[in-house]
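Below is one structure, written out as structure tokens; comments come after it.
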Amino acid sequence: MLFSAASRVLIQGITDPLGKVYAPLMQQYGTQIVAGVASGQGDTNFHGIPVFDLVEQAIATVGQVDTTVICGHPYMVLDAALEAIAAGIRHLVLLTDGVPPLDMVRLLRKAEATETLVVGPNSPGIIVPGEILLGTHPPDFYAPGPVGLISRSGTLTYEVALQLTQAGFGQSIAVGIGGDRIVGSSFQQWLQILEEDEATQVIVLVGEIGGDSEENAARYIAEAIDKPVVAYIAGRTAPLEPVMGHAGAIIAALVADLSTEIGTFESKLAAFKAAQVPVADRPSQIPDLVKKALQKVS
Amino acid sequence: MLFSAASRVLIQGITDPLGKVYAPLMQQYGTQIVAGVASGQGDTNFHGIPVFDLVEQAIATVGQVDTTVICGHPYMVLDAALEAIAAGIRHLVLLTDGVPPLDMVRLLRKAEATETLVVGPNSPGIIVPGEILLGTHPPDFYAPGPVGLISRSGTLTYEVALQLTQAGFGQSIAVGIGGDRIVGSSFQQWLQILEEDEATQVIVLVGEIGGDSEENAARYIAEAIDKPVVAYIAGRTAPLEPVMGHAGAIIAALVADLSTEIGTFESKLAAFKAAQVPVADRPSQIPDLVKKALQKVS
Amino acid sequence: MDLLEYQAKNLFQQMGIPVLPSQQISQPKDLKGLKIPYPIVLKSQVYTGGRSKAGGIRFVENTIDAVAAAQAIFHLPIMGQYPEVLLAEARYQPERELYLAVVLDRSSRRPLLLGSQEGGVEVESVVGQMQQVIVDQEFSPFYARRLVLKMGLRGELIQTVSSVVEKMYRLFLEKDLDLVEINPLAVSARGEVMALDGKIIANNDALARHPDLTALCSQQPLSNRTRITGALPAGMNLVELDGSIGILCNGGALTMATLDLVYKAGGKPANYLNVGGEFSHHLPPNTLPERVRQGLEVLGRDRGTKVVLLNIVCGGVGCDDVTEAIAAHWRRRSVGHRPVLMVRLAGSRFDAAHEILRGLEIGVVHDLDEAIAQAVSLSKSKVA
Amino acid sequence: MDLLEYQAKNLFQQMGIPVLPSQQISQPKDLKGLKIPYPIVLKSQVYTGGRSKAGGIRFVENTIDAVAAAQAIFHLPIMGQYPEVLLAEARYQPERELYLAVVLDRSSRRPLLLGSQEGGVEVESVVGQMQQVIVDQEFSPFYARRLVLKMGLRGELIQTVSSVVEKMYRLFLEKDLDLVEINPLAVSARGEVMALDGKIIANNDALARHPDLTALCSQQPLSNRTRITGALPAGMNLVELDGSIGILCNGGALTMATLDLVYKAGGKPANYLNVGGEFSHHLPPNTLPERVRQGLEVLGRDRGTKVVLLNIVCGGVGCDDVTEAIAAHWRRRSVGHRPVLMVRLAGSRFDAAHEILRGLEIGVVHDLDEAIAQAVSLSKSKVA
């Protein structure tokens, strides 16, 4: 797995509002936070974590960093991420929401050119239960086990993890890829990672209406994933967000040769059906479907 | 060699002033010009060369292109070069002078990322006598032979080639890397190419005052070049151009840990002396030094 | 944020995209000071499409007709919107009309250039002819030429139109836009181009770094009229329906999932309110209790609500922290209309939270399905 | 192109870099309308450095002193330049002074950020303390922070100063500059910063795409006074010396090589003129004959010249084309002062060229060394 108890982690924006809340929680979970970055606050420390003005200073002092968690101001996220990439870090977890989409476009061009994995933004990050917490997942909801959990949301991810844990199904990893229109890593990338991950026996994909991530994921599952996948889609009864209705989105969807129905619950449900992925009709049904899937595998 | 009679060549800006003059001359020399590009003039032809609106259109119609010669308006050179790179062309020869330096910075970042060779701008390009002309070199001045000629200038390069040819020393290749402050390929790159080129037995480097290209080349020759090199430096008696004197240039040179004397004739002469490179004191002395060098080699 | 046509055209003009001479008309009598020669066209400045069909665009030949037309347009609602301003614009005789747009493509995660020779009509109807170019690397003008050639334009028009696309892209990038659309871009018999109508949508997340756009935003009337009066606190999202159960959750997907469950259990939601998730720099998780309190105030204003269901999944704070906020709200609203509260909490220190709420006789459970069942049941009981 | 201090500061202000309140003074009596409170500083607006040492900067406390100081400064040449304008600026008490610059680095072929805590003095003297950061990829603010940390700044100053560097970089990029320099950037006791002096050099090649800079350029007086009156045609480059041989070549390095050879042969150059090389979009090779003719006219105006040596290496045109231009010039100037012409031509159709010039009794050879020898010899002969 890309992330383990041995991973050396940096927190950028460690004294920003999100960093202040989550850095101590990650540290309590056992995540090896080797340094924090907060411009203007070098040579101080936060909860025993040494704080530096610049990523490269941190690395020069504490040594190599495997992953950085970025939780600064939304308008500073691009610069923080580029700084991390320039310093040689190739795993980035972006928590902050409200990052301007064109900043993400620029970041993702750079990430692709440097083969950097970017998780988020607007994301709860990653938890490998019993190993490492890189984000906001509440540790009590999780337990080690065979379920790989991938999702676009935050609190709903925790909810699903809780239901799984209470039903006795621990998780190999849980990842929130982020709720924004433009995010780094996709469902497909994570499906592939989980397909190859030995600890993962079954994959739970938590989707929601809007966008085409679930439709694309379903197609990818049919083509490339052998492990069983269980899905859940939130928003069956909610109207699509108004932003979905604007001319640009309609045109983009239409032109990309997709149905105008793209993004609806029905479209996503149909895609998963076509990929023979069972879809839970409520969170509490997910553990049942996981159980069935695990029985089939063994 | 990277360039031969078999190379398939595109001319971007074929109907611009420089293209109009030089495209027919290159074609007469036998260069395989498979297409020209001139936006708004697609579906026409120029001297029998089919003209397209876009590089990718040209390639789609005439097939693969190995090298493009760019001779459009200085403010269009960056876009033309990026268009060529996007279309998969990895050898670019830029003739036009007056390209804004920050356009070159952007182009060179892209060229480095895509491993593209950029020759120029403000350059006579390349001639491989008897094989191919990619630029403005007057063919009559050249003949095939063992001398690799590299230079920063235009007409002085022709002059040196003429002196060599008249003395019976033909050329394996002649390259003008361009006279601007920011150019693509460096003397070092070409020294390395010629070091590996079987047809080249001796290298003639034609320099001039200003900048630190010759100093860097001399250091590189001492370190990495086994073939004999002969140098000439123009400008012994000319004052450095006023632009050299401005604060930024002074500071940049000073900070880069270089002497304030950088760029002068004396600095360059000393650098070649240190690298044991004989320096001709006039163009007509170059053939004598080449003769001596060839005698030593054999 | 949507811009009005005249605002979009101001930005076009700043960027050097040709637009017609025009003037804003705030009231019909402004037409007496018109500086543009007749004939002109008067256009309702509303945020919706379909103005032409609805009668919001009129051609007039003189002041008398113009004043009458303006009066009519000011009193004509288009999809519920009345214009506050009209745009008076010179008339133009195009030989042909193109469609051009720059949007952000979610799938490729890149800007997309769109173009068609079938402009001037509802764009949904000509999607088949729409050409697209993904701007996969840093923009350079050749992307614009690529689009224009795909559209089938030739000769001098290639440069003229691609130069407009270039400027649209620069605007898109510099102002952090979600959409720049010109429809139609008129082409005259002499090959000159003119942006006859335009649409710009600014990205809300980036708005704060564009003071010029923020200023336009502040002029914009609230588009959603809500039964529940008063402005919504920052970072919250409310949708109103007509049932009897108010839903308050933290996080968008959790809110939708809760809504789905309420419907599934036969409940009728009155509304649903997302008080914000866990990753906001501006409203970090330790503000959750306060956001829950504010959210309860908002939902409490809806007289039609019998039950308010809170489903709060606590990450960065404990259940008891959130409960204190609920308790504070409950004590303040002990008189007057007070919907029944049904609280579902997941997270640390649930027992402490349970203790506090039991003292106030507020139902609190840990299991989601149970919370839904109880809330729906309460909403149907006569007592509530 | 160099900008004056006040022009640089206008650009700083547009970009949000803090500058002091100031006013331009075109004549001493303008000081009576001064809107800045005393004490002020008056600064000569010339293109050269070392103004302070030369007495071009004076601190004054009241109008009477100010007028007197202004009169003195207007009459004080600095390295030969008289100011056309003074800058009157509020006084400022810095606690410390920094040096900041953005330049283009020829070796790395990238922009370079420069900074030092030893600002406010001649920068050559503190190069040892100068810190540098190469902007190797697309700029992002962390490059500015990297510089500021290397400079040894800590705490809140990191953000304050790196934000100035960011803005300097944006200016550098947006306006295609060769140099942006702030020296000193003053830092007050409260950690506020202020650009007290600034220098901007715009790139000449990029000037045409920046109308605002082009406008400043047109105000600029010609810096080189030449004996040979009249403006030099575009694309040409003339350097004047005090010998008797005029040198006219095409291409910069060829011109320098020819100059070297003339000196080596014992000749004394009167000047050397490069009529432009072979790769100009604006003056392509087929304009070479016309440029040679114009160049001959320019050199012909110098009464001290006995011989004009032309060394033209023809690429895109034949020798005969160039010769026609020489012949045309020669025929027109058959009366009055006419220096001897010595022509060296390399290129195609030399024989045709030889034929034409022989008819005019102008010396023409193909060999460069021989041309040099003959020109030097002619310059020393009594006949010429």
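Going by the order they are written in, the chains are A, B, C and D; count residues from 1 in each one.
Convention: a contact is a pair of C-beta atoms (placed from the backbone, for glycine too) under 8 Å apart; a residue touches a chain by one contact, two chains touch by 3 or more.
Nothing here was measured: the structure is a model prediction, and the numbers come from that model.
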Both chain B and chain D are touched by which chains? none
Between A-C and A-D, more contacting C-beta pairs sit at A-C
State the chain with the largest centre-to-centre distance from chain B, centres being mean CA positions. C
Whole-Å gap between the CA centroids of chain A and chain C: 26
If you average the CA atoms of chain A and of chain B, how far apart do the two points sit, in angstrom? 49
Nearest whole angstrom, what separates the Cα centre of chain C from the Cα centre of chain D? 53
Calculate how many whole Å lie between the centre of chain A and the centre of chain D, each centre taken as the average of the chain's C-alpha atoms. 55
Going through chain A residue by residue, note those that touch at least 2 other chains and give them in order. none
Two-or-more-chain contact residues of chain D, please, as numbers and ranges. 137-138
Sort the chain contact graph into one of these: line, ring, star, complete or other. ring
Chain pairs that touch, by label, are A-C, A-D, B-C, B-D
As the complex stands, chain A meets chain D at residues 39-40, 42-43, 53-57, 78-80, 82-83, 86, 106, 110
For the complex, which residues does chain D have touching chain B? 2, 49, 101, 103-107, 109-112, 114, 123-124, 127, 130, 132, 136-138, 173, 176, 178-179, 181, 199, 201, 203, 205-206, 208-209, 239, 249-257, 259-261, 263-264, 272, 277-282, 284-286, 313-316, 346-348, 368-369
Touching residues of chain D toward chain A in the complex: what are they? 137-138, 140-142, 145-146, 149, 154-156, 158-159, 162
Complex contact set, residues of chain B against chain D: 16-18, 20-22, 25, 71-75, 95-105, 108-109, 121-124, 136-138, 140-141, 151-156, 158-159, 162-163, 179, 181-183, 206, 208-209, 211-212, 216, 234-239, 243, 246-252, 254-256, 281-284
